[in-house]
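Each structure below appears as structure tokens.
Okay, so subunit A shows up in both of these, paired with subunit B first and subunit C after.
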Partner chain A sequence: MKVDRRSFLSFVIGGAAGTALSPLPWKLMDDSSIWSQMWPWTPVPPDGEVVYEDSTCTLCPGGCGISVRKVDHRAVKIEGKKGHPVNDGGICILGLSGLQLLYGPTRIKSPMKRIGERGQGKWQKISWDEAMAILTEKLSDIRNKGEAHTVAAIAGTEGGTVPALLQRFMTAYGSPNFIRTPSHQDADELAVKTLFGASGRTGFDLENADYILSFGSGIVDGWGSPVRMFRASSLWKEKNVTVVQVEPRLSNSAAKATRWIPVNPGTEADLALGIAAVMIAQNMVDPGAVAGAGGWENQLLANYGTKKVSQVTGVDAGVILELAKGFAKANRPLALCGRGKGLVAESLRETAAVYALNALTGNINQEGGMWAIPEADYIRWPDVASDELASAGLAQPRLDGAGTGRYAGARHLLNRLADAVNGGGPYPLQALLVAGANPCYDLPDTRSVRMALERIPFIVSFSSFNDETAAMADLLLPDHVYLERYGDVPVGAGLAQQVIGLSKPVVSPQFNTRHLGETLIVAARTMGGATADAFPWDNYETCLEETLAEKWDALIEEGIWVEADIAPVADTVRLAVTDAPAVQAEGDVNSFPLLLIPYDSIRLSSGYIGDPPFMIKTVSGTVVKGKDGFIEINPQTASATGLSEGSVATLTTPRGEARVRVHLFEGIQPGVVAMARGLGHTAYDGYLAGKGVNVNELIGPVEDPSSGHDAAWGIRAKLAKA
Partner chain B sequence: MKHEQNHTTPMRYGMAIDLDKCTGCGACMTACMAENNVPFKEDESDKLVSITWMRIFELNNGKAFPDTDICYLPRPCQHCEGHGGHSPCVSVCPATATDYSQETGIVSQIYTRCFGCRYCMGACPYHARYFNWWDPVWPDGMEKYLSPNVSVRMRGVVEKCSFCFHRYQLAKNQVYLDGERKVPEADYQTACTQACPAGAIVFGDLNNPEHQVHQIVKPDSENGNKSRNPRAFRLLERLGTNTKVYYLSNREWVRRAGDNYLAHEKTGQVSKPHH
Partner chain C sequence: MSTLDKKAKEAMDDDTAHASGGGDNGAGGFIILFFIIGFAASMVLGWVVFPKLLYSQKQQPFSFNHALHVGEVDEGCESCHFFREDGSFSGIPKLAQCTDCHEEPMGETEDEAIFVEQYVAKEREVPWFSYSRQPDCVFFSHAAHVVGAKMDCVACHGHIGESERSRPYEYNRLTGYSRDIWGKNIAGFKNNSWDRMKMDDCAQCHKEAGIIHTSSVQTQRDACFVCHK
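Now for the complex of A and B:
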């Protein structure tokens, strides 16, 4: 048969039409969509026996009790522990996301040593024996040269046996450089010492107060023990307690407050002192708890007249009078400070001013008031017997200068470390140990921090996660995460009681990690001599059990130990005349007409722990969109710069520059730019990395003249259309 | 027909969410994701395709600085009863993949029946339904935390809040084993209610006068279940969707945000559904 053009076309067209009219294409389409719904990679979670195991969350300083639901050996859900004195069944967004940290791809799964360039991300898995050998040989070398002081350790916290073991390791080794990451705790401890003349911390009886005056504290943004704060906030609503939030931006805390007082950024201390001056002038002061106030009062009356304070703070004189009256006349008034989550130390002037307000109302160590209580003191190990090398090292000054000279009041000044390492310090650093901290992300002016770390020849990270600092390390000795290990959790965080929680292993370790306490004990043993003698325990669990002594059984049984009846460190507040100036924002007003302030959100984890996928999913599209981070500005500021909602802009500060998108928000003062903390990670995983801008790259530390603590509340900035 | 199989009076599970207490912290959203095996992608900032059975919306009063006020509004599935179980989504589903339970008042979603036509998404006035445009993928190892109580959804189906129905099933099994008939209030609570650190969410049977949610809402069955509580309102109440999620606020502007009011209209009006 001859196939000509005509018959060929008829055949092809006829065939196509016939197939299209038949059910075949539709059937195939239908089948393929059904088959492709049944790919084997859609997981079917295996069933099993359900049990609940209780523990304590350590993802923030809050110390909440948790109840973990397990199916066989898998942890499937974290819930708040009912009846727990801190959170009574409630739980926060980070606590709920804990299993994504446990099972997530950001874990460091084994000890590793760096084989590529620093920060290149090339690692080689090694055994724990090899890893410990590298660590102890390096440290022994440095020590035997008589340079033990050139090793520093950065820890996220000081509380509990694990940080105490690290501190003890440093002491036995011979280095004075154990440095805690900065937080409002620094300013709080210093203020208690200054005002009460004794060591301790404050605790707040929030539940019984009936008038709250908060100077920027993120009551529902993660301040203190977050779940307790949420509960207190709801309790105040039920009891019609007046809550006044003083803050330049309408934060969630300001929105929940009875009244929001927008204040010029950085002038909170002036407002507090102005209110105090009104109280003194109008005789609304309880004289009981205040000593030596004569000079202080005169200084206040002279320098903080309502008119002047109104000019500085931008708060109407009438409002200042109203606040003073409301606060002084309330039955149980209480003033709080520590901006946002309290991630920055802040100035002694500000903290002391707010605590002085409390003292003036006579609420010190009273129901519904501010308490000055000692830290839980249960770690009673014998003093370290230093050998010659250790004594020589400990005799050296601290690299950050804390505790001496101008910085006599400070105990830890991590904000000064970068400068010290970059050339300003008394000696170069040869090794750095980092535990539970992420200085390459968390510290202001991260660029200079990274530069400092580049100069340190040997960095060891104990982090469980691939964070920015671990990326800069030479040796990774990953710790278990909190759901895999024992640990004592002394809770400060503004509680008016002493509370110790116990973390227990809920699941067995998922990877080849090791408890940091264990790592330190083994390291000390390997190093021998006086260092080994300071660590007499067989393993970490023995150490923990011996340390907790009579509390151990109660902690194993209840998971928590509460000392409600604590003697305050002192009852009288001594107010002294100071001439500390207000902390100013860095930068020149003419070149940088705007003010950039960071803000905290409970949906953005901003400490050592990065936002897990669940949390970043809840972040609004006006905070992060794709890879872009947003700033908040008032529409007035926007129209002055020719910007509109969503437009791209360049934000410049004296410390850096960033590409941002604009979100217009009426809840912020004209002239102020706000940016969320907790974004702009470069490490962790694709769910978090590369989204938004790390505000710490735009802000530098500003030293509090009274202590050296970082007191930066913002920085001058300018904005241009990109 | 509807009530024949029930030995007890039908229940109407519902919620009262106090917006004056809600802090917008997002714990409810996350508790829901963790409880119900809700998947996540690398980029979740396109909220149109971000699956969140419970989502928190931010409202503002539209006033300029410094009179601005904001309010957060958590939005689970509203579990509309409509008129006699005619929820907007149930009425349009060609596959009977979603149904209104006369026993519990919960609007169900059966993933294996759903063939992804998304009529229900078009019908839902609350954007409470989400389509799985992609297969869910958990990073290596993370599938360990998945709960066996809730099936993982595949690409091509619609999903939404179930009021943690699996928790009801577990609680019901338990009370039957204990020889009881009725699930006590405390034994069946949704994951968001349980997690809310502010205690803003109250969940229970709106028909049961002993349940806290009934005492707060005081539903008026003569008037389309409108609340007798002057603080309470429902979303788009005048559509007649007869939802079972009530919101509470002292602030008039917040209550006004619950529906499309004309300037001269007052809040709290319910028009009878047209049938």
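Now for the complex of A and C:
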């Protein structure tokens, strides 16, 4: 049999015919279309039972209620909790991105000890037992040498049982150095104490006010409780409430306001006092809530004449008069302060000036006005019985100087820590504990902060994330993130009520982390003696439940406790003559002709929480592009320096230098340079690290002469084409 | 004419003679034979070899006796495959449902031992393979079909409730989906409504119940988005 060409062709044709009559081509065609429509490598979320679990968000001081949507055991979405008194169903972009902090790559997954050089990033995973042994041995050693005061703790906040446990731990251990991260809360507390003569905080009945005069407060940029502020802002639009935004830069809040008053940076207090002077001069003052104002009024009339104020602030004299009239004549006027998100303390002079404005209108403790109320006071643990070592340690002065001498008015001065450690303090620091704070990124003049940390022989970070400070630590004892743990959340943030939220574990801990409260209780117990006696609880949950007492059941049930009927700390404001000078920007005008001011944005998380990937994606290309961070300058400033949109420039301040790109913006005065806060991280994940410039590297703290708080609102700078 | 041209012409004539003469029947037979060989080989390949290559088999973690369980419960299939409060369908039961009864081994079968030791004791979910999972592009609501249209489980799932052992799970190597979707029959023929669960099968039923399935104005039938969200 000869297989010739024709036989072969015939075989092929037969094969083709047979194939066509078999399912092979048709089935393959169908399968490949299914395959290509649903690539097997595309992740498909598993199906399951959908449940919602309520909790409280702790990513910022806002205290929003959240409902977390879960499919079986996985949290898949965070929504605002409907009916919640703070945010009623709303949520901000950070709260929405919270799951990326839970499941994302920035988590510290287990206790670790450093094995390489500091900051080199070489770690060894260890067990919790070993980690706790390292911690307690080190701390016991220092204490037994009678040097308990040389240990300091930095906490992100002071409210709630966890920071209170840390503070208690320090007290029982024998160190006066529990230091809270700076914020506008510092200035607020001091202003309330000074003006009302009692401890407390302010709260603002924003929803009922009908004229808002905001001195730089980022109403829609993250001030106060951000979601509440968005809602208030929309409500004002609906009710035609006049909103006046006094700010050197056209921020989103300024753009959304009824009127934007561009003011020379750092002169907000002058404008406030100028407005007050007009109100007094023109008899537009409600005398009810003000006491002993005679001297103060005379001083004001003498020093804050409209013409002078106009010169200092750059605001037209006519406009100052208009503002004074508008504010004084409104039914329920309300003035706000705390720049941007309120991340810097600000001077007492400025805060008191704005609060005085409120007092002059008679809105103190009134509907639509400013309230002075006590902090929620539910943590009532018995005093710590100090042993000899603790008493000796507590008798030592605080390293930051807060509470004594010229800093008598301040409670926490973290801005002074770097100086103290770098040689200016009364004693060297041997150990530092850091919880819920990221001083290596967050404090002004980060370079000297880092230098200070390099001098501290033993640093422990309780951070859940790979942040800049954790990178400098020797021991990492990672806390659960907020979605994995219990916690009470007393909300301040400008609410006129006392609100306590409860954070509940929404998912079980994803990694080998431990609740900070638990870590502290175990540490105290291991150290024994008086330290252990101060921590009688079996575990953190028992401590929380006992502390919240009658509120516990309600909190478990409702997730929130609201005390609406609170007696204000006082009804009258005492205005006394002060001679505090205005806080000036650091640097000399001749070498640094420009002014650099940081600004806040709701899309850039600031503080201890870094921007999650979703959020950084929403930041405009004129703020950060690729790795480059931008500054905003007026086209006039640009042409004077030979710069144009997108040019690369070198920005120099007395504290540092950075390579930046230029964005031209008419919404900023000539001579002023603005830079966003929240960029220029060196830690966290690849989505955030290395993008833009950290403005804290360029700016240094400036002490408020009346308190020692950091009141820097900017720094002098110069710009050169790179 | 050159010599070369002449030779070529002769050769051509030769060929023409062969072709037009048609006297060589043996060669024609061969051609048909080869056609048949090719045809038969490709048919075997397409009908027999190809399905074997295309599908792979996996065994379920252990065998489940539906018949036995249906006998024990009161509400038929819905006793275990129920609707949740929000109307979503629970599908394959979770371990927690089983442990209500199976905290300790019930009976002495090997499968029961595997279940209790490997899963109940270790609190691990059983990684069942689902025979009837639709591709990811399909949105299927059990509630609309079972509660709304009052369809019987058997209409789509056949008599699985009467099975005493779990049959092997066959899946398509290319798409990764269960063989039950295309159906056991490789040609796609079906005798029962549950033999196949492709789009045409959904469409057929939706067409039969025509009056309510007219979401597309153009076709007066159900629009694509009813199932493809």
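Definition applied: the second predicted complex is superposed on the first by the 681 of 722 C-alpha atoms of A that agree within 3 Å, B and C clash if a C-alpha of one lies under 4 Å from a C-alpha of the other, contacts with A are read in each partner's own complex, and residues count from 1 in each chain.
Note that in this section a residue touches a chain if its C-beta (ideal position, glycine included) is under 8 Å from a C-beta of that chain, and two chains touch if they have at least 3 such contacts.
Quick caveat, the model's predicted, so the values are computed rather than measured.
Going by the touch definition up top, name the partner, subunit B or subunit C, that contacts more of subunit A.
Looking at subunit B versus subunit C, the one contacting more residues of subunit A is B.
Answer with first, second, both or neither: which of subunit B and subunit C does A:Asp47 touch in the superposed model?
In the superposition, A:Asp47 touches subunit B and subunit C alike.
Could you tell me if A:Val573 is touching subunit B, subunit C, both of them or neither one (first, second, both, neither)?
Once the two structures are laid over each other on A, A:Val573 reaches no partner at all.
Counting only touches as set out at the top, which of subunit B and subunit C does A:Thr19 meet: first, second, both, neither?
A:Thr19: touches subunit C, not subunit B.
Name the contact category of A:Ser97: first (subunit B only), second (subunit C only), both, or neither.
The answer is first: A:Ser97 touches subunit B but not subunit C.
Kindly classify A:Lys27 by the partners it touches after superposition: subunit B alone (first), subunit C alone (second), both, or neither?
Second partner only, subunit C.
Figure out whether A:Thr618 sits in contact with subunit B (first) or subunit C (second), or with both, or with neither.
A:Thr618 sits against subunit B, while subunit C stays out of touch.
With both complexes superposed on chain A, which partner does A:Phe11 reach: first (subunit B), second (subunit C), both or neither?
second
Given the touch rule stated above, what does A:Met38 touch, subunit B (first), subunit C (second), both, or neither?
Touch partners of A:Met38: subunit B and subunit C.
Where on subunit A do the contacts with subunit B and the contacts with subunit C coincide?
Shared contact residues on subunit A: 37-38, 42, 44, 47.
Touching residues of subunit C toward subunit A in the complex: what are they?
Touching subunit A from subunit C are residues 27, 30-43, 45-47, 50-51, 54, 84, 86, 88, 90-91, 135-137, 172, 174-177, 182, 186-188.
Show which residues of subunit A lie in contact with subunit C when the two form their complex.
Touching subunit C from subunit A are residues 1-4, 6-8, 10-19, 21-24, 27-28, 30-32, 34-35, 37-38, 40, 42, 44, 47, 49-50.
What residues of subunit B sit close enough to touch subunit A in their complex?
Touch residues, subunit B against subunit A: 18, 20-21, 23-27, 29-31, 33-35, 37, 40, 42-47, 50, 52, 56, 58, 60, 63-66, 68-72, 135-148, 151-152, 154-157, 194-200.
For the complex, give me every residue of subunit A touching subunit B.
For subunit A paired with subunit B, touching residues are 33, 36-39, 41-48, 69, 71, 74-80, 87, 89-93, 96-97, 99-100, 102-105, 220, 226-227, 230-231, 233-234, 237, 250, 252, 255-256, 260, 262, 510, 602-603, 613-621, 624-626, 634-636, 665-670, 685-687.
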